[in-house]
Structure formats: structure tokens, C-alpha cells
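For reference, the structure is listed below as C-alpha cells.
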Amino acid sequence: MSAIENTVENLRETFRRDQVWPFLAPTQTKVNVDNQMILYVEGLNLSFDGFKALNNLNLYVNDGELRCLIGANGAGKTTLMDVITGKTQCDSGTVFFGQNHNLLNKDEAEIAQLGIGRKFQKPTVFEEQTVFDNLELSLKTDKGVLPTLFSRLTPTQIDRIDEVLKIIGLAKHRFMLAGALSHGQKQWLEIGMLLAADPRLLLIDEPVAGMTPQETEKTAELLTSLAGERTVIVVEHDMEFVRSIARTVTVLHQGSVLAEGTMDQIQSNKDVIEVYLGEEAGESEVGEDAVEGENA
Amino acid sequence: MISINKVDQLYGGTQILWELDLDIVPGSITCIMGRNGVGKTTLLKAIMGLLPIKSGEITMDGQALNKQSAEKRAYSGIGYVPQGRDIFPMLTVEENLRIGLPVRSKRTTDSPKDIPEKIFELFPVLKDMLHRRGGDLSGGQQQQLAIGRALVLEPKVLILDEPNEGIQPNIVKQIGDVILKLNKEEGLTVILVEQKLGFARRVGKEFRLMEKGRVVASDKMENLDDSLIKQYLAV
Amino acid sequence: MTRLTEWFSAGRSSGKHTLPFVVILLVVSLLASGANLLLPEDSALYVSTYTITLLGKYLCYAMLALAVDIIWGYCGILSLGHGAFFALGGYAMGMYLMRQIGDRGVYGDPLLPDFMVFLDWKELPWFWLGMDNFGFAMLMAVVVPGLLAFVFGWLAFRSRVTGVYLSIMTQALTYALLLAFFRNEMGFGGNNGLTDFKEILGFDLQADSTRVSLFMITAFLLAVLFVVSQRILSSRFGKVVLAIRDAEARSRFIGYRTDRYKVWLFVYSAVIAGIAGALYVPQVGIINPGEFSPINSIEMVIWVAVGGRGTLIGAVIGAILVNYAKTRFTAILPDAWLFALGAMFVLVTLYLPKGLMGLYAQMMAKRRPRILEESAVKESATKESEV
Amino acid sequence: ADTIKVGVLHSLSGTMAISETTLKDTVLMMVEEQNKKGGLLGKKLEAVVVDPASNWPLFAEKGRELLTQEKVDVIFGSWTSVSRKSVLPVLEELNGLMFYPVQYEGEESSKNVFYTGAAPNQQAIPAVDYLMNDLGVERFVLAGTDYVYPRTTNKILEAYLKAKGVAAQDIMINYTPFGHSDWQSIVSDVKKFGGEGKKTAVVSTINGDANVPFYKELGNQGISAEDIPVVAFSVGEEELSGLDTTPLVGHLAAWNYFQSVESDANDEFITQWKAFTKDSNRVTNDPMEATYIGFKMWANAVTDAGTTDVDAVEQAMIGQETENLTGGIAVMNKNHHLSKPVLIGEIQDDGQFEVVWETDGVVAGDAWSDFLPGSKDLISDWTAPIKCGNYNTKTKACSGQNY
Amino acid sequence: MRHLIALCCCLFGLLSFSVQAAESSQQDPFLTELAGAKFKDMVPILDQLAEIQGEAILPLFHTLLGGDLYYIKADKSLVGQFDEQGATVYKDVFNQTLVPNLSKRDVKKIRVNNTLRGYLRNAIAQIQLTAKSPKVRESAVRELLSKLDADTVALIESLYAKETNNKVKEAMGLALSMHTASSTELTLPNRLVAIERLSSSLEGDARNLLTTLTKDENPAIVKAATSALEKIAQRANRFAFIDQLFFGLSLGSVLLLASIGLAITFGVMGVINMAHGEMIMLGAYTTYVVQLMMPNYIDYSIWVAIPAAFLVSGLMGILIERLVIRHLHGRPLETLLATFGISLILQQLVRSIFSPLNRQVSTPSWMSGSWEINPVLSLTLNRLYILAFALLVFFALVIVLRKTSLGLNVRAVSQNRNMAKAMGVKTHWVDAMTFGLGSGIAGIAGVALSQLTNVGPNLGQAYIIDSFMVVVFGGVGNLLGTLVAAFSLGIATKFLEPTTGAVLAAIIVLVFIILFIQKRPKGLFPQKGRAAE
């Protein structure tokens, strides 16, 4: 077998893109964030059979920011992410990643390779593969066909995966098939996959759904620590959670931005209370959970 | 109402529920809590009859459910709101709701032809979305649909698996109100799996804590104290 | 620690069957060949030439099943048209063999194959040119199926044709080719196909030694393709392929251009099918448009299912077993063998959902949990000590 | 061996089963009868049946199995040409002997095969002669399934018709895929082509499954035999038995045998067949007669040669004469093809044919058509000194391979 | 044919005489001569008979033409064979009296061949020019158009004036014009007028005549004929288009019938049902068996066969569902394997029971023949009925699925079985009923197909690929898609066929479908929405 391994090694050498196939070398230019701005969403419109899911939506996100996106069910948060990640084609508008990448003319894979990672509202993992493989697949590597064919896990990568496993608390389950994880565990795994991919911009849709308060807190910590180097956009309905991480909060309503500001501003905003938070604004809940958090 | 006796359950080779015992008091709201993966969902599915159990007994009002198929249990009055909603994605909202009408007509005397107006009063969004595919709804809308759909059955027992996942705060509250209202006005027995303590405290009357496939603590909700929380819910 | 993980992750994949399989395959073929060539015909251990050709055919089918499994079992693309690639490979070989007949055809035309002479063709059509060169013909045997797979795959996967839509399109593809090749005008001998081959690379095709060599070459190539496929599928590429099978959209969102992966895997699979076809033709002595028939392609899928989809070894075993069963049944129950075969398909799907390999895995699993648990315990122990 | 083994290589399943199972039964019947008469050379005959399942490579494989595993002395088998071409190399390699009982395109003569079905000159050419001379047909539609047999036959016919002065625009050629089932537009085209004033006929080489829908469509579009007769080469009693023939009365077929021909041998054969199949509605057909003749001749040849050795039997076969079922004598020629009468019959409403014309004597089967440029100089002669299947009379040599 | 003039002379006022003639006819020596005559001797004999007996001979000619004329071996007297309540009886041809005590063995058939049939038809037509029914008269005239000779023309001319029926008169006029146009003895203006009149006729014989006239030596005639031909061609083309459209629709209806069942079992339930073709086959065999059981009521057999086929195939479908498919829920691809196995078993089953040969299914008389709209456009009745039938079945099915809870339940079950259960849907029942319904409809399709094609073990195989193609092309899970797909494929094929030939047309259509799916990866009517991805 070692002969084969040798050939594979040789082939791997041959197919190192930067050397032999210069014309195949990634042409991808760096994300231009000179204006401190990483995501520009302007005038986005999208309708499904006459129903306007996004309605002249504008959103700007600073580089390194942690932005919370809230809004009523059906406000268009997930749809917005769908448009940013190339899953859904919008009717009109522009979406730029940095100043130089027009996301609307790229497909999902390209967008992902630019460094935009996404966690789905309904956890989606590769059910037939182990937790470990799930993470390996998400690693930040060259995702072309040939490089993938000849690539092998480097020790650094393995360490990275181990690290992530530890963070998401699935170290014990590393060889378990992802399909056999419980709902909450899948949530974690999906976050882990994001971590492994090491993206520039993270779009996270309802990360703490189905998590216990303590886990929620842990997630909050994790996301806060990610911000700065990376930009994070989080969608969540758990107000306590949002409060614990948010600097700026954007509220969507019926496909466009209803309000934007700090958590306090938002919480006292009449419109937001009316369409989203509800009269007592979950005061009591928030209070109680906060107590729990302290206790834990 | 529902009592569960020494239930064992396995997925393939791995055992999830271990001689689990559980009693649900009629007319109460029982909150089942526990960390991720302890088997809450599994337990609920077993009650609904969607997973076969290996041994043990599940009874409702003294009648053994074990041998009953899931559809029979629906006729006996169990309504189920699954985790992850499980809306019929290609059916319209209306059709999603209509599915349960035959059961309803067996269980009630009111006109079986139509979806009860009550549902739309509880969840007005559904009325607006009546002709859209269930799968197109946003997560929160789907959750409301799932609860509404279960209520069409006019159940005696309503099983809710994390009903607030992904729901906007005011609706969370509304769902809580709905549960309380149904419980109070119609004597609906509710089994609720919930992670958010606030909600659990507000709505629940009883709690059951689970760990590793067993019920390890059960009591009135008032008695859910920090030590229990620390022991069974903290990570 | 890291080494350990790596070892585990490699050990998990089904690669552990590879070595025993290759050894058994090669040893059995060697023994059979030796028994045919060296032993006298009346010896009890003599393996008849009939058996050798039969085995050779099974191995070609096994290779074909391998191709189907790679694409279906691992990538979830159910191709109901793999017979097309097989047949195209076969036609390339057939054309070469046809040209080798030279002036020994019934009309003695040095250039034109017989069927062209009597249909009054004046010159060799362009696509026959060069086919007298073995190397070129063999190149065509892989290039043509590969190219067709590339074009078809490129179109289909890029437009995200999936699931049954794709399956039915592959079926349409092979069906269209079937109709086309039946036509005499196509220049491939119509329904009568290409037959009456004389020799390959100067060796008499009817000689036992040639047959045995072809059989050995088939066995050897099967082993090679098996190992290569195994390596490919257990590489990260293979994991991506599995990921595509289970959640294609998700794979795109982590940056894989799934269409390209699918196209290349499809091409690879088609090339294997082409090779199988090229090996098949000299051993059975004929290639005719019937090979394009959609029913054939469905049967291939069934071999894989019987053996166990998603395991290469299962595909091979399935192909050999089903075809052996066919050979036996047709001999024992000429009037009722379809009952037996049909029942076999039904029963296997009902009772062996993962095929024979699934059965085997189940039997092994009875002994395994202990081992697994132990390793899990060890794992967690190391974890904790590290913390 | 204490028995003489007779291999039967006919598809019992798959698309060809529809035609071939009958021939399997015929051979079994012949074997049974021969055994009643005491077998051959003092030994009983034993039939070995295998099922090549309409799968062409399987014919080669099963052929090899019959010859090497079962060690049969003779094989009766094949229906389609492709299946014959598939076993042919095996027969030649292992020096087996096969009888092929179906009409075919010709252009073949193997030492190891005896062709008891019709060559094109024993079906197509007399049929066209009949159409021109007796029915005064001036326009021809050559309709066929798109593959070798129809294409070859039509090539021969086209050449023949043109030689007889039929203009190109009076010949319409149409091909359809295997199993074609929607004949509306083609039949309507034929109707138009035939409605242009000149007497028109259809010469059909449509094969197999496509025939029934074709004839049903003819009936429904009201093309009657007096307007546009159809003469077919692949439609016999058996094909008609799946069809209500009332609207088809008068259409034609050219064969070497019809069940309706009155002769003692035929009566006996039919009775025997009905008894053997325990079905009083079963019909007989031309390939059955071809099998019958082949079997009789083989039995005689074995008796003459005193052995079942293939080479001896092969030589003894040549010149064998045996009564055919239509009251004449069939002769095996040097080219391994038979001399047989050619009959043209009209379909009757009971699914039988009424003979309306027959050749004066027998016609010798011609392996190599005289109307194809490639083969007009070839002859086949398996007797010394030529002993070759494709002897070129111009170059005085066997082209291609010698055995 | 001189005698015909004499013949028609005596035809007038012959009616009262005919009974008498019938009496005498049995003694006619020529009649016994028919018995055992050679083909070539028959025509003179028949000529004599016609001349002597005139219209009285018609029953004999008809019987002979129908192939039902026999003679008694013993005395060579002629009898007709009739079918009465399933029994064969022999009657005197002329006065219909039963000839008792005859068995098949006592009689021998008087054979006819094409030449004779042609002769008979012509002779009958001539005699029938004076028939009572105008329909018969008209068709007699049209029959004679291609064989106009001086005698016939003279006869028609003499009848023309007295003719009262417009249609017959028109046909006769056409015949006379044709004669005028072609006779060189007549004056040019007369001929030109006649040619002009011909230009309004679509009759093929008229067109042929005009075509020959374009080679006339008189340029005026050539010019008139050419322009007349052009006029005819223009009209004919319009009808040809309708004709082709009809062919397409009719092929489409066959495709539709073959595939609706699959649109349910595969499209809605998600079972890749390879045994669908065999369900069609079972329906066709059911038709055969039904006809075997009621041989005297073939005309009504279809009405029995349709429900019977629905039941047989439907029950078989339910059986298959209960025994096999049930265990394969959630494993759609595996249903392909199991149902493929089942299809092999079913094929072999009918092979064992009914033999591998094709079975004969007769067409009820009301379904045979065609509806002749004009000489260039006639629609075959069986296709017409099948087209209507296909649409009927389709809409009936749509109503069943819309109006009953079954439709909703199947879709729910196929989308989320467990959840459907939890909502109280009896999934087992729904599965069995739906599969039964799909299979039953396939069975009905079999009844229709038995009218068009082989009823044999391979029947199903012939349609399975097409059916899948149609369902997929239309969009899985969309019945309307199946309808549109079936008709568009049918029409496309039929419009391609004339230019490309049937083989290429088939290939082109396949390639087109492949390319089309690239543009619309989910068929013509894709399922939309988030969940469909």
C-alpha cells in the first residue's frame, strides 16, 4: 500500500495549485473593508407569489460587529440570510460583501468560500457521518475537487477539530453519527461546524433554540468572543440572550427595518413593543432568567 | 391520566429510556425538563405511539395504550406538537388544519366540516396565511400552525415539545396564555417539554426532571429550587 | 492523541475489507486460471473454459456494479442509465475487434466490416477511423463514456436536476441511445451488433490461453479499480461525496461546489463502466444495442442493492451473486426462473434492507458493541485527564 | 453417453419468448415422437432445454454450456439473427451443430449451421413478383422495423424492383423502432401514398410486437386488402392468433408453409401438435415447419452417418431430402439452405391463410443475395472441393476466413 | 361488361320479381358450379349469375364477400354460415330458411381472394346504385369512382336525373364531371367546366384524375387542372393539419392513460413503481378474460371489462401494497427494486397462465371503423373513444382526489407519515387505497390499450418507460402536469414523425425531454416553495 501512498503524495505535490497550475490559482481577492463596513444590503425586494417577504430592506453591518437581528415571526430574517448566502434570488436590490464582492452574482459555494458561514434555523448536519467528519468537512481549506481528493488532515487541523469538539461539548460523541444526536446537540454541532470553517462573517439563525439556560449562556459567551475578529449576525427570539450579547440590534418587520439601536432603545421603542415584544415586554421573564443565570 | 410504567426504549442498540416511570395528573400542566439528549423527545414520541417501546406500560385513563397505533391514540384524545414542528410542507395551512377534522368530528358534536374558529382566534396569523404552503411559513408561524393543528383534534391531553423554539416573545407569551386558558377553561391536560425556566415556571403546575433516560425528580412547580436546577439542568 | 484520532477516522471507513478482498479475488482467479490451463480436462479440479468465461463475465458485471455503487451508494445519484456507458465502452472494444478481423470477414473486404459491405457502404465512417489501433480504441472506451457522462452530468448537475428527475433522465439517455444504435444507419451494425471477432492484439480469441488472460486482466483491473475507488472514497473527497448524498444544500453552504464533485464522480463512474464494457465484449463475443436497454440498467442497480449499497464490496458480491443465481436458475428452472429471481429481489429488499453486507454488519454488530463501548470509555478517560 | 442429447436454445422469457417458446415445444414434441419410434441409433433422445432469456450474449454462453457442459449432439435454436450471430463463434470454435429455423436476411453460411428458414429469395422476391404480376401493383411501400433484417431485405427488394423498372418515386420506404405501437400517421401516409391512382401494396418487414398494433390500425383506418394489400414476411398464424382478423381479410403473407395447406403430413402434424400442447386452438406456423424439417433431416442424417459426430452428420445432411408439410420434398443444399416452395396466402377471418399463389416448384435458398453488390459473386458450397461458405466465383477463392 | 346495361334495364321494376327469382335461383346450374370452382374460374361464373339474376343475387354476393358462403359436400348446394347465439347454423342464402342437420364437416367453404373481393365489391356497387337507402347509393357511387368506364357512366347518367337525394346526386355529379373532364371527345369548354367542378372535391380519385390531366396535350386543360389541384391541395392541407393534431392528441391520450396511475403511485405516494406496466397488462388480460366469458356480447364486454379491470388491478395493487410496499416506507429507492421483482413475477405469471403468446381481444363493432368527415379527413373511432375515455378517467380522478379526504390524506402521509399518524390519519388504509386506486386506473388503461396493441406478457414493459417520462416531464406530484405532458409529447411526436420518421422522432423527443429538464429541473409544473428544495 505504501507505493500507492507515495504516488498519492506525489500527485498531491503535482496538484499544488500555486506551483504547477498557476492559472488555476484562486483569483479570489481579499474582502475590502476600508470603510469599516463588511456588509451592505440595499433596497432588497423579494416577493413570493405576490407576498412581499423583503420590502426595500437596507442593512449595513460594520466589520467585527456583533449584530442582533430580531423581528416577528415571518418578518423576513431567515429570508434575508437566504439572500445573502445565495440560496434565494432576490427581485431587486444589492448585496455587497466588503466593497468589492457583489454577492448577488455568486452561488452558495462561492459565497461560502468568501468566508460567509451560516447556521440554519433548523439544524442541518450530515446525518450519516460522524461528528468528527462533519467538522472536518467544514474546515477552512481549499474546497476544489482535486485539492480535496488529495488532501489529508494535518496535525493542526486535527487539533483544531479537537478544540472545537471541546467547545461544543461533543468530544465524547466524536464518532457518533450526527443523525443520532438530539436536537440540541445538533444545534451545537452546527455551531461547531461554523467555528471550524473560521469564516469572516457568521450568520446565525436561532442558535439557542432548544438549549438549556446554561447552554444559552455558554453560547452567548462564545459568540461574544467571536466578534471583533469576525463579524457576527445573530437572529434570536430569546430576549435575554439578545440582551446578553447585543451591542446593536436591528428589528425587522414585514420585510424592512423597523428600528435599529441599542438593546435599551429597542426595548423601549413603542413599535417594537407592539409588533414584537408584547406589552409587558417579557420583563418578568427576563428578570427571572437573569436570576437563573446568576445562580448557575 | 397518563401513567408510564418502567418503560425501556432503544434506538437500534442504544438504550435511551431506562425503566422510566411517570405520572401525569389529569387537568394539570406538567413540565418535563432536562438537558439536551436526555430523552425528552423520545419519551413524548413513545407516548404518542410514534416509537415502539421495548418494555413497560403506558396507560391513559386506565386503558393500556401500548397496543394502540398512533392514529388510535389521536382518536383517544392525545394531541401532539412535535419538536421541529413537522408541518406538512406542501399542504396549505388550511389543509394542514383540515387533516384533523375526521378525528374532531368523532370527538365532538360541533359541525365537523370546518376548522373551528377558535384556532384562528388563538392564532390570527393562520387566517391570513390560509392558502399558503405550510412549508413556506416562517419558523414561528409554523410553530403556531403546529399547535393549532393539534388543537383541531380537540384533545384531552396536549403534548408540546418545546413549543417556544423560535417564537417571538409576544407570541411566546400568547402561547403560554393559550395553554393556561385551555387548561383552565376546558380542563385540558398538558404535557410540556420546555427549556426556558421562565416560561416553565409561568405555565407549569408540575415538573419532572429527567436525566439519562429516567425521571429523577418530580414535584409541584413551586418546589423547583436552585439546587435541583443546578443538579439536573446546568451544564 | 491526534494520531489516534486519525487512525480511528481511517479505520472507521469500510477500507478494512479491501486487502482481504483483493487477495481473495486474485488468488481465486489465479487458481481458476491455473486449473484451466494446467490440469487435464478429466481432472476433478479442472475448471472448464465455460466456467472461466462465465467468471470473466461476472467480474465485468462486478466492475459495472462498482461503478453504479460509487455513484448511487456513495453520492445518492441513482443512475438508471449506466448500461449506456458500459455499452459505449463495449462498442469501442467491439469496433477494435471488428477491425482486427481485417480481410477474414465473409466478404473479404480488408477495410469494411461485413455488415457495411452488404449494406453497401463505400467507405469507413469517420468514427471508425483509428479504431484498428488498440491503444486508441481503448482510449475511446474510456473517453467516450467519460465525455458523455461529463456533458450529461455537467448539464444536469449544474441545473440541479436531482432525485427521480435525474434517474429518469439517465433512463431517457440510454433509451435514446438504444433506439439510435438499433438503426443500421448509425454504422454500428444495427440489431445484429458487432460479432464474429477473431483476435485481440494478435491473440486468438478462441484460444483458452487468451480467455484465461482476459479473465485474469479483468480480475486484476477489478482489484485495481476497487482499491483506487476505496482510496478515493475514504479521502476527504469521499466524505464530501457522502455529505452531498445526505445534505447537498448544506454542503454548498460550507463552500463545496457540489455540482463539480458530482460531475467528476459521475465521469469516474462512467469510465469504470466503460472499462467494464470493454472487457466484457471480448469475453462474451458480441455487443448489440440490447445492452442499452433500460431494463439492463435497472438490473445493475439491483445487483448493488442486493449486495448492499454504499459498500464497494457489497456491490461486487451482489453482482456476482445475482448473476450466478441467474445462471443457476435458468439452468434448473428454465420455465420458472423469473419467479425465483423476482422473489429474490423482493425478499432481499424486504428482509435485507442494507443488502447482504448489511446482514454481515448486523452479525458483526452482535459481537461489537462491547469493543465500541470500551473504546468510548477510553476516549472519555483521555479527555477527562486532559481537561 | 447412453442417450443422444438434443439442445434447445430458445428464449423462454423476455421479449422473444412470445415467438420462441413455440419452437421449444416443437422440438420437444419431435423428440418425444422420435423416442416413440425407438430413438436414433438405438439410443433414446434427450432434450436439454436452457433459457437464454432474449439476451444475446447469453445465447453464446448457453450455447457453450450446451456444448461443453451438457455435451449435446445438436442444437435447435435461435430466432433473431443477432442471437444466431452470438452463438455462431461458439459453434465454430467447439464444432457444434445448430439448426436455425427462421427466415432471415441471408448473407451468411456457416459450416456448423443449417438454415431451414427462408432466405430473402425464398420469401421477399417471389412475393414481390406476385404483387407485380398477379395484382398489378405499381407502387410499393417497404415498411420495416429499423434493423438489419428489414434493411437488408428492403435493400434487396429495392434493387430488384428498380431492375424491374419501378421508378424511385413509386417506392416509399419507412422504418419504425422496435415495438412501435402508434401507427396512426404511418398508416395514414400509406393510405395517401396508395390513393394516388396507381395500384399500391405494402411489403412489410415489421417485426414482432409492432405487428398487432399495425394491423389494428390498418383495420381501423379501413385500408382493405383490395385497395392496398399488405404482404408480410414475419406475420404468421401465431401472430394472427393474437388478433381479430376480420378487418384484415385478404392481406397477404409469404411463407413456405401455411397451416391451412392440405396434406396428410400436415394434418398429422397439426393433430399431433394440438395433442402435445393439449390446446385445440393452438396453431402451427412456418418456423415450426422449418424446425420439423430440420429435425427430420438431422435424424435421417444421423441414421445415414451412423453417428452423431458433427462432421459426419454435416456431410450426411447435404442432399438430405425429406417430405415437407405442404406435400412436397425439401432438399438440403450444399449451401446449408433448403429448397422449399414459396406460398402466398391471404388472411382469412379465422386467422388462417388461404394460399392464393405458389411457386411452380421449389426455390433453392440463396445464402448470398444476387441483388447486393457485395455478395452477388459469392456462393456457398460445403462439399468438396470448395468446402467453403463464401466462395467468390470471380476470384475463385474463399473470401475471408476458411475453415 | 356489356351485360351491365342489360342488367340495369331489367332492374327497373324488378323488385316484385325478386322473390320469384330467389325461388328459381336454387335451381340455377351456375350456382352449383361455384362449388369447388378454382379462383380463376369464379369470375365468369359470377358474371353470368349477375347477369341473369340481377339484384336477386346480392345476398349471395354479400355472403361470399363476407367469406360465409359454403357448399354442402353431398349435393354441392350452397348455404350461408351464420352465427346465432354462439352456435353455427346454415341457412339458405336467398330465403334465409334454416338448413337443418348440417355440421361443419358436411360443408366446405367457398374461398375468396382479393381479386374476387374486388370484383364482388364492384359488382355489388353497380347493383346497389339503385338501392333503396341513399347512404348505400352514395357509397356505391363513390366506390365506382375509381373504375369509371363508359357503361358505368351511362348507368349513372341515366340514374342522375331521377335521383332525389342531394348527397347522392352530388356524388353522381362528381362521377359525371370526372368522366366529362377526362373524355377527349368532348368540347373544351365542357371539360373546363367539369375540371372547375372537380376542384371543389376532395375525393382522391378526382385528384388523381386531375393529376393525369396536368399531362394533357391541351395547355388550357393543363392550366385548369393545375390550378384546380392547387385549390384542392390548399384545402387538403388544412385537413391534414387537423388530422395530425388528432394523431397527436390520440397518442397523448394513450400516454395519459398509461401514466395517470403512475402519477398517483409514483407522483403522489412516491413509490417508484416498476410494476405499473404489469398493472396495465393485468387490465388488458382482464379484458381478454371478460371477452372469453361473454363471447356473444363482445359489444358490451368493454362495459364489464372496465370495472373488472379496475378491480383486478386494484386488488392486485392492494395486495402488493400490503405485502411489500408497506414495509418500504421512507425508502423510495428500494421500492424500485421490490416492484421490479414483482413485475418479473407478474410477467412470468401471465406467461404461465395464458402462455407467452399474445391473446386476442376483439374490438366491439361500435368502436371499429372511422368517422369519415370527408374524403381526406377521417378519425378512427377507437382512438376517438379512447381520447374521450382518457379525459373522463382523468377528470374523475381529479374529482376523487379533490372531493374526498383520500386526496388530502395521501399527500399528508407522503410528506410526513408519523405526523399524519399523530393527526389520526389511518395511514395503512390510506396507503392501501391509494395504491389500489393507482393500480386500478392502470388496469383501466389496460382495457383501452387492449384495443390498440398486443395483449401479451410484454405489454407492460412497452409502456413503463413512457409513463415515467410523462410523469417526470409534467412534474412529479402534479396531475395537471401529467395531462399537459402527455398531450404535448403526443403532439410533438406526431408533428415530428412526417419529417423525421418514427425512429428519429422518438429519439428527438427523448433528447428534448433531457434538455428541457435542464431548464426546468422539476418538470413542467414543479412543486414550489421552500420545502421543495
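So that you can tell them apart, the chains are marked A, B, C, D and E in the order they are listed, and the count of residues begins at 1 in each.
The working rule: contacts are C-beta pairs under 8 Å (C-beta built on N, C-alpha and C of every residue); 3 or more make two chains touch, one makes a residue touch a chain.
In this text, all values refer to a predicted model and were calculated from it rather than measured experimentally.
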Would you mind naming the chains that touch subunit C and likewise touch subunit D? E
I'd like the most central chain, judged by C-alpha centroids against the all-protein C-alpha centroid. C
If we define chain centres by averaging CA atoms, which chain lands farthest from subunit C? Would you check? B
Farthest from subunit E by Cα centre, which chain is it? Let me know. A
Taking each chain's centre as the mean of its CA atoms, subunit B sits from subunit C at a distance in Å of 50
Distance from the mean Cα position of subunit E to that of subunit D, given in whole angstrom: 30
CA centroids of subunit A and subunit D: separation to the nearest Å works out as 74
Per the C-alpha means, the centres of subunit B and subunit D lie apart by a whole-Å value of 75
By the touch rule stated above, which residues of subunit C touch at least two different other chains? 179, 182-183, 249, 335, 338
Where in subunit B do residues touch two or more of the other chains? 136
In subunit D, what residues contact two or more other chains? 12-13, 146, 175, 177
Residues of subunit A touching subunit B in their complex? 48, 51, 70-75, 77-78, 121-122, 169, 180-185, 188, 206, 209-215, 218, 237-239, 275-282, 284-286, 288-289, 292, 295-296
Would you tell me which residues of subunit E are touching subunit B in their complex? 405, 408-409, 411-412, 415-416, 418-427, 477, 527-532
Complex interface listing, subunit C residues touching subunit A: 1-2, 5-6, 8-9, 12, 227, 231-232, 235-237, 239-240, 242-243, 245-247, 249-258, 260-261, 264, 376, 379-380, 383
In the complex of these two chains, what residues of subunit E are touching subunit C? 266, 272, 274, 324, 327-328, 331-334, 336-338, 340-345, 347-349, 352, 461, 465, 468-469, 472, 476, 503, 506-507, 510-511, 513-515, 517-519, 521-523, 533
Per the touch rule above, subunit A residues touching subunit C in the complex are 4, 8, 85, 87, 107-110, 112-113, 117-118, 120, 124-130, 132-133, 136-138, 143-145, 148-153, 155, 158-159, 161-162, 171-172, 174-175, 193, 197
